[in-house]
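Could you have a look at this structure, given as structure tokens, before my questions?
Just so it is clear, A, B and C label the chains in written order, and each chain counts residues from 1 on its own.
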Amino acid sequence: MPIDRKRINGPEETVPYNLYTKLNTKSLLQEFDELFCDGKRADNRAPLEHRKIFLKTGVVSQAKGSAYIELGKTKVIVSVFDPREIPNRTDYSLKGEIYCEFNCTKRRLHQQDAEEKQYSAIMKQALESTVCRHEFPNFQVDIYALVLHNDGSPLSAAITAAGVALSHAGVPMYDLIVSATLGIQHNVKFLDPSNTEQRLCDVSISSDGKEDSHGIIVISMLHTHEQISQFYQVGNISLEDITESVKVLETACKDIVPLVQKHLVKHILKTIKNNEDYVILVSS
Amino acid sequence: MTLCEAEKTFVLHGVEENFRIDGREREDYRPMELETDIVSHAFGSARLRLANTDVLVAVKIEVDTPFPERPFEGKLEFFVDCSANATPDFEGRGGEDVAIEISNTLSAAYHSPKVFDLRKLCILKGRKCWKIFVDILLLECGGNLFDAVSLAVKAALWNTQVPLIRQIDIDGNNVELKVSELSDCQRLDVKTAPVMVTVCKIGEHCIVDPNVAEEQCSVGSIVVSVSENKFSTVLQTGTGSLHSSTLLDCLKLGYKVAQRLDDALWSTLSKIQPTEDVGFLK
Amino acid sequence: MAICFPIHMSFRIKVGLRFFKFLNEKCPKKIHIRLAAHRVNTSVAVNQRYPKIYTPGEVITSQNEFMRGHGTYEENGDLKSSVAGVREQVNNLISVRPLKSRYNGEVGDVVVGRITEVQQRRWKVDTNSRLDSVLLLSSVNLPGGELRRRSAEDEHMMRQFLQEGDLISAEVQSVFSDGSLSLHTRSLRYGKLGQGVLVKVFPSLIRRSKTHFHNLPVGASIILGNNGFIWICPTINNAEESVGGFIQNLEEVIPRQERETISRIRNCILALAQSKMMLFDTSVLYAYLRNPLSTPYLNCWYQRRWWTSRY
């Protein structure tokens, strides 16, 4: 893919210096033990405890709808733009389309790389089943997600925020959509893993050929319909572990839903209150 | 191609009856045809034909520098080329989305070291490693791409000959490798390489290996990639959503079929004679 | 090019059995991956004489008393072929018929087509010909009497009668100067098709005959469209349901027995088409009866029953 040299003149990739230092000699198992000891994780969470979530809507004033989400240190902004006609299309499609762009700011070029494209495809698939697409024939809804800080589970954060942003934009939806991530390593399940945990779950640390599962699962749920709109897994996980994980993730999603609902109601109440002020101003 | 409601109903009832339009049961595959070692200038190659889907995979090997964060590992890269010969829709950038989806799913499926150990491709820690390019060319599209591609990739990797390193000379920053002849090579270990199965939900039931008409009737499908007895990646495609119990049923079915598919592939690979070549012309 | 001269029926049967031999070896539930080296040659013309096959640009004749037909052109007084195919001659008319071609419509042909577009007072129909065919609103039988005036209401209802993706059987009414076809369904035999399977083959494999609607005695009906689209459906009971309407019964569940017959006919037709055999009612029926394995995934007991009951 050609690179636009005029826009960014930085190097194509950077390597952190500490990779070359001699200090980096800990084995993966030691790292794991440091991260998880006495049933507590590095940030004092229990394995199946979600991080605190902060939500805010209406952060991008020019977008139709937008949302900002924080999961611990992970910060994501999602903005939704008006439905517009699909460019360069000749045939008639009965259902609308969703276009998702997923941006990650890990010293990358401005162009989407394969991982971002994969994530946007997953996000698109997750959101497609919740938006009432038959109401937008031949239209597309643009959704942009920008990861400001990646400290694990950015995809879940983006999908949850996209659900909030869509409802903020007034796009008709069947259901609220929330998402959660789970990492598995060494018979421990980490709900909502941080970046280091996620990195550890990516590789297999038991070298002695044990049959441990390791990997990451992301699901997104439609709450009232109890439907899974997206299921994505990487790693090496047995069927039993997946079955258990799905249950864990379902309950986690159920816990997030009231938060999102409360936030949306609060936001609307606030808007009404502001409007009331406005009405009073006009009438006086 | 669009189907009318009556045709869809016929397909749907057939799936319910466990008797599909071509006489298969829900868990049956269409017959496949496999051929290895057909690209002479590649290190390994395979061609798989599943009904109207035709996939050609070629493997090339290069010496490269390992990633600084993973000095003990080699590299594996997948590239999918959607030829406009397959369907005119692939012309220009038309096939890009499909290509990226397939190559990303493949790299996710081969990601875990338990599935494909990249450490075996290391030549000299932090300095030299093998880099494997897996080039996938879609010659014809007749549905069920993921399954066909994963089988062809596995067969091509099985067929791949990695040269042996005879001698390494280190002179300051220069590393010189002496490599064995092509006749004296090592095969890659692909016993645990994943096999993908697309499980398609039609009505209340799940089927494998959907043909084009059945793909039209389905609301969503799940691509399951299984290596030995574990899942290496699961991806949901299509626009529908599933209840969690349905999802688990799909996973179970995919798991079961993937085992059979893997067995079938191995028994076929074991039958390959070294001098049988057919090529495209027969 | 085995299609162009008659092959004795016993030869057909032998070939059919050879073709299905490899299917015989598999038992149900096992996934079958065959090596390319073990491929079975399904060509049927192995021991036969080939007719002369003309290639594009080849001189057919330099005598100029012949007339120029399809697939030929004239240059410097020579008649040359413009396609790869076999020569066909009717009196003075020479034409070259290719194996793979799109459908060349002729008035009176029975076709099976799929609606691609709904337009003003007409439907566009995909009939495998070079251009989309048209079905005028005035050349269909509307519900409520054959000789009814088309009102403006009917125009608005057009999508209710036939919508995009629907399959119809029809007859070619006329051929326009650009080669596109005008269809009609003004007979109770024609109209919207219900539940069943569509199989596509080369149009040149369909033999023209007096009727293209067949109720096969094995319990299924086929419509062999001249355009290479073949429709297989459960036996049409003329007394109860007239095909000429626009009603599809989506509730009806077709029983397993009929489903098996339909699938088997489908596989037989595909096998015959792969071996480039002409398709007509007898050839399909013979293939069906002689190849109990043509639905490769039937259970073994079913196969055994077939052998014992027939032979």
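In the analysis below, a residue touches a chain if its C-beta (ideal position, glycine included) is under 8 Å from a C-beta of that chain, and two chains touch if they have at least 3 such contacts.
Heads up on the chains, UniProt names are A = Exoribonuclease phosphorolytic domain-containing protein; B = Ribosomal RNA-processing protein 42; C = S1 motif domain-containing protein.
The structure presented is a predicted model; accordingly, all values stated were derived computationally and were not measured.
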| item | value |
| --- | --- |
| If a chain touches chain A and chain C alike, it appears here | B |
| Most centrally placed chain, judged by C-alpha centres | B |
| Greatest separation from chain A - chain, by CA centre | C |
| Centre distance in Å when chain A and chain C are each reduced to the mean of their C-alpha atoms | 52 |
| Distance from chain B to chain A - Cα centre to Cα centre, in angstrom | 28 |
| Whole-Å separation of chain centres (CA-atom averages), chain B against chain C | 35 |
| Footprint of chain A on chain B - complex, ascending | 68-69, 97, 100-101, 103-104, 107-108, 111-115, 222, 227, 229-244, 247-248, 251-252, 255 |
| Partner chain B, residues of chain A touching it in the complex | 15, 19-20, 95, 114-115, 117-118, 121-122, 125, 128-130, 133, 202-204, 213-215, 222, 225-239, 242-243, 246-247, 250 |
| Of all residues in chain C, those that touch chain B in their complex | 23, 26, 28-37, 39, 114, 163-167, 193-198, 248, 250, 253-254, 256, 259-260, 262-264, 266-267, 295-298 |
| Interfacial residue positions of chain B with respect to chain C in the complex | 2-7, 9-10, 13-14, 17, 19-25, 27-29, 31-35, 47, 151, 257, 260-261, 263-265, 267-268, 271-273, 276-278, 282 |
